[in-house]
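What follows is a structure written as structure tokens; I'll ask about it next.
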Amino acid sequence: MTPNLNLWLIPVLPLAGAAINGFFGKKSSRTAVSTIALVFCGAAFAWALRVAWQISSVDLPYQEYLAHWIRSGSFVADFAFYLDQLSLVMLLVVTGVGFLIHVYSVGYMWDDPGYYRFFAYLNLFMFFMLTLVLANNYLVMFIGWEGVGLASYLLIGFWFTKDSAASAGKKAFIVNRIGDFGFLIGLFLLIQHFASLNFTQVFDSVTKLQAGPVTENLLTAIGILLMVGACGKSAQIPLYVWLPDAMEGPTPVSALIHAATMVTAGVYMVARSHVIFESAPTALAVVAIIGTLTALFAATIGITQTDIKKVLAYSTVSQLGYMFMACGMGAFSAGIFHLMTHAFFKGLLFLAAGSVIHAVGGEQDMRKMGGLRTYIPWTFMTMGIATLAIAGIPPFAGFWSKDEILWKAYQANWIYWLIGLVTAFITSFYMFRLYFMTFFGDYRGVQVDSHGHAHVTRGHDDHGHGEPHESPAVMLVPLMILAVLSVVGGLVGIGNGFEHFLAPVFGTRETVGATGEVASHSLELLLMFVSVLVAASGAILAWVLYVSKPYLPQKIAETLGGFYSAVLNKYYVDELYAALFVKPLVDGSTHILWQGVDRKVIDDSINDAADGALHVSDHVRHMQSGNLRSYAGWIAAGSAVVIAYMIWLGVGR
Amino acid sequence: MNVHLILFLAFAAVAVAGAVNLLAQTHPINSALSLIAVMAALAGEYLLLGAEFVAALQVIVYAGAVMVLFVFVIMLLNAGVEERTQGSRVAILFGIPGAVLGSVLVAWVVLRHSGTGEVPAGALPGVPATIGPLLFHEFLLPFEITSILILIAIMGAVVLASTPPSAPVPPREEN
Amino acid sequence: MPIWLYILASVIKSAVVLGVLLGAVAYTVWLERKVVGHIQNRWGPTRVGPFGLLQPIADGLKLLVKEDLTPPHVYKPLYIAAPLIAIIFALTSISVIPFGNPITIGGYSIPLQITTDVNTGLLLILGVTSIGVYGVALAGWSSNNKYSLLGGLRASAQMVSYEISLGLSLVGVLIMAGSFSLHDIVDAQAGHFWGFIPRWNIFTGQFVGFFCYLTAAYAETNRIPFDLPEAETELVAGYHTEYSAMKFAMFFMAEYANMITVGCLATLLFFGGWRGPVFGPTILKAVLPVFWFAAKVFVFLFIYIWVRGTLPRFRYDQLMAFGWKVLLPIALVNVIATAIAVVW
Amino acid sequence: MVPLSYYLVLSGILFTCGVVGFLIKRNIITIFMSIELMLNGVNLSFVAFAAHWHALAGQVFVFFVMVVAAAEATVGLAIIIAVYRTRETLNVDQVDLLKL
């Protein structure tokens, strides 16, 4: 008998927080708002920990039925939750990192007029994300999926009075819809062929399917459609364009939604659907190729960006590419492992970046920073740890997970490994570039007087600083905790511990493969060494270019010329999309749909109909004279007709 | 010719004469009196048909209450002789031929099938003792509904006919 | 019974009843003048005959021979028809009133009422009474006189209103008797309590019903304290302001005939009709019930006069408020209470 | 013995008189009386059918018609008074606008 875990509490608690803050927050004090947000979010985290504590006494997967939802014929989709090792990992990551970011936000957003709104949205996001993670069928997952999209939209456009924020929110929403479209079609295919969306039932049916080209084509189609959805949510080529723009939102949002949790939903979904993907090698290859290309592509853009958050955004895209690469090679647990460590160090990076921005009064351009290490030592240290982690320097967390992925990649195909290695180099380079440009050298920012008239235009982040100063403790403590996690988080992967933990979910196929090749242990160590070397060289290059010889980058840029500007402008992808999709759509809508169909066809036909009705009724309305006797006359004549008709019918016979 | 038929024809003659007189008279009070005559004649017909209670109520309710209300209103509004305005050609052109045509058709059908049988005088004793149980058992729901209807009608009449309290009533002169 | 005998009996009964009734009307007027006179501490008529007993005949002669004046601008057909309507319906309602048990002459049972015992007799009286309002209303309207019109309006509103209470006050009696037939109602009042209190309806719980009936009946007959339609102090003479001579006499007779009908009904419904101690020889046994009946009606007529000599007139709004807000609820409660008691 | 059809024809004549009265009369009150005439014609057919089919329900229906007619008369006459109060006419030909 398994104990009742009351999983429903985990998502519902943040929902309650969101409701309370949303409905009553406007009148409440900031302390009350933050208390409520933290208490409900923390309670969810505590409950998740309790669930983790009890996990050994529970038969996994554990299912919890809540309520009927759709019962149409044999098709059943209920509100029900599903817990296995995979969702447990996600649960802990989401609630844990989420809680830390809530704490951080209390300090970061303190002066914002939309304080209660922010926390309501944040709690709402937690609710949807947890629903997504805990769902036991694709439909409930889709609720969460759409819900986090909504929360993301609301939070990107949090400063909606600012034009760029509003349009960034819209962009994120619309691009996500494209992905969701694919996701939905995939779900429809599942319903059509398996008559269910329940994970257990679908996966059972899939494993029982007869192998053959038809089956494989079907599963490939489903897999690719699911991957389209994942591309949208997790910002992969070709739908990554919304994520850099999403940095218009407040920095804690970028950390929570656009780095640590929501964007990994795609990875989670693909991992969750691993049964489908494993039966469809083509789909798996698509995942791998998309992941690999995205990793490299986004990393190169990251080199040239000067906005501190944009760099991190492209870095996120790149790291997500890594995760998909891992999934695409069947190494789902490696992908999830990287997902977890990435949540730690990328969350930390964003929070630290937020702390930096906070310190310099809302400035985000790295060229106007520099030399901050003396002003904000704690931020400097924690961010250093995060940078080492993401660059893949042992023993930090990123090293273990990234190395795992590279090792799997090498086993699958050395081209993946090579691209992965190059990407790792570039990652190390741009991360250290960011780090050095921010903290080393001299302060290049605007020196504002202590009365505080910063001439930078981030109105909401503007605190009116004198000199750059350290953030309050409420912001630093989450940084430190995340720093610790970034250091030790990777240790769970030593000796394939994490992989073994997830083995019940993903099967033992890969584990057996890995342990079977005992002879290749030396090769693994060699590759590990190579990657560390590559990472270190990236760091050193960055040191050379941005600390010791800061004039060099300019020269290199001039030498590269067109290529450099292409990279600087993100390969003109946004412009390309604008030309390819947006402009034809706008023009088509304007000329054909609006002026053609809407005006000429619909409006005109309606106007003509109305005019016709007017003309006809102009004549007919004289019947309605208002004279009582005329009405009676019509009634009498009409009844005579009816009587005559009835007699003719033979009623009177 | 039996007595029954003679009585029927006599009452029918009164009723038709009253009805025609209702149309012919120009003063509403004369029309009202004609209508009372029609109702009284119909009460006689009801007696012939054995519907004593209906006949009594016909006199009490219709002649004694409803028509009194009509006469009361005619007196209250001091309604004069009818004006011969030509407000509606439709009523004359379509309505009257329609009404006449319809009734002629019905009469034709009824008379053509005169084999529908004959009605004996006093065939069915419609006395209160037999009607009461019917009204309070089988037709209880319609009965209650009509009582609600009456209530609503009373309230509606009060609302419609009462003057809105626009001006305060001047204080009564004491002497 | 052969048809000719039936017709003969009916004619004789009609003549007798009509004669008695008209005589009673005439002498009720005399009685009223005499009693009111004494109430007001004066003598009343004394000159014509002993105790002024011939005064009604003199009055009747006077009204008959006076010039029948028709004012200009009246609506003539109805002006003439109105008093006829009033007197005709007043006299009609007496036709279903039984005065005693049927008597047997030569083997034929002859009912002591003009018609045979119709089983909806009470309904007939109510119907005729309700028609009677037209006389007053049309007289008021056709006179083309504002006092008359006001009187007619008052009369029609007042009579329609009080008719409801009148009808409802009778329902209690009807529930107890289980019939509309006046004979059956009287029969239902046979017997005594403890050997000496007669089981009249007035003593078997219809006390409230009786007073409702009496009040409503006073209003129906336009008598004080409800004589608003002919209130002299306000409307000159109300609906019969423009009437004179025999037409006026018809209204006058109609009013007193209605009073007698009301008295008869009250006797029949609440006071056991012709029931009373019957004793003595056969002829006395035949006459006594009629005597008891006449005596009871006389009591009611006396009460009419007594009230007239005692009570002041209501104001019109008080009259309406009383009818709708007091009398009607009481009558309704009486009906419900009686029904509950009977079902128990 | 009177054939049922006689009663029905009488009822039809009264009803038609009512309809014609509705059509040719100008006075609202008279028009209203024409409606009552129609109702009476219908009542007669009810009672005749009740006697013919030996079903008292026909007579019960007459009561309901009477009750409805009484209610109708109450409200209708109140409306007539209201109309007269605002338009100062009883001629329906002059009462053909909803607004004053």
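The chains carry the letters A, B, C and D, assigned in the order they are written, with residues numbered from 1 in each.
Rule of thumb we're sticking to: contacts are C-beta pairs under 8 Å (C-beta built on N, C-alpha and C of every residue); 3 or more make two chains touch, one makes a residue touch a chain.
Note that the structure is a prediction, hence the values are computed from the model and not measured.
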{"item": "Chain occupying the middle, per Cα centroid", "value": "D"}
{"item": "Where subunit B and subunit D are represented by their mean Cα positions, the distance between them in whole Å", "value": "6"}
{"item": "Centre-to-centre distance between subunit D and subunit A (centres being mean Cα positions), rounded to whole Å", "value": "77"}
{"item": "Centroid distance [mean C-alpha coordinates] between subunit D and subunit C, Å", "value": "33"}
{"item": "Whole-Å separation of chain centres (CA-atom averages), subunit B against subunit C", "value": "28"}
{"item": "Touching two or more other chains - residues of subunit A", "value": "625, 627, 629, 632-633, 636"}
{"item": "Subunit D: positions in contact with at least two other chains", "value": "19, 23-24, 26, 92-93, 96"}
{"item": "Pairwise chain contacts, counting only pairs that touch as defined", "value": "A-B, A-D, B-C, B-D"}
{"item": "Residue ranges of subunit D in contact with subunit A within the complex", "value": "19, 22-24, 26, 31, 92-93, 95-98"}
{"item": "Residues of subunit A defined as touching subunit D within the complex", "value": "625-629, 632-633, 636"}
{"item": "Subunit A - residues contacting subunit B, complex", "value": "625, 627, 629-630, 632-641, 643-644, 647, 652"}
{"item": "Interfacial residue positions of subunit B with respect to subunit A in the complex", "value": "87-88, 90-99, 101-102, 105-106, 109, 113"}
{"item": "Residues of subunit D defined as touching subunit B within the complex", "value": "1-10, 12-21, 23-27, 29-30, 32-34, 36-37, 40, 43-44, 47-48, 50-52, 54, 56-57, 59-60, 62-64, 66-75, 77-82, 84-85, 90-94, 96"}
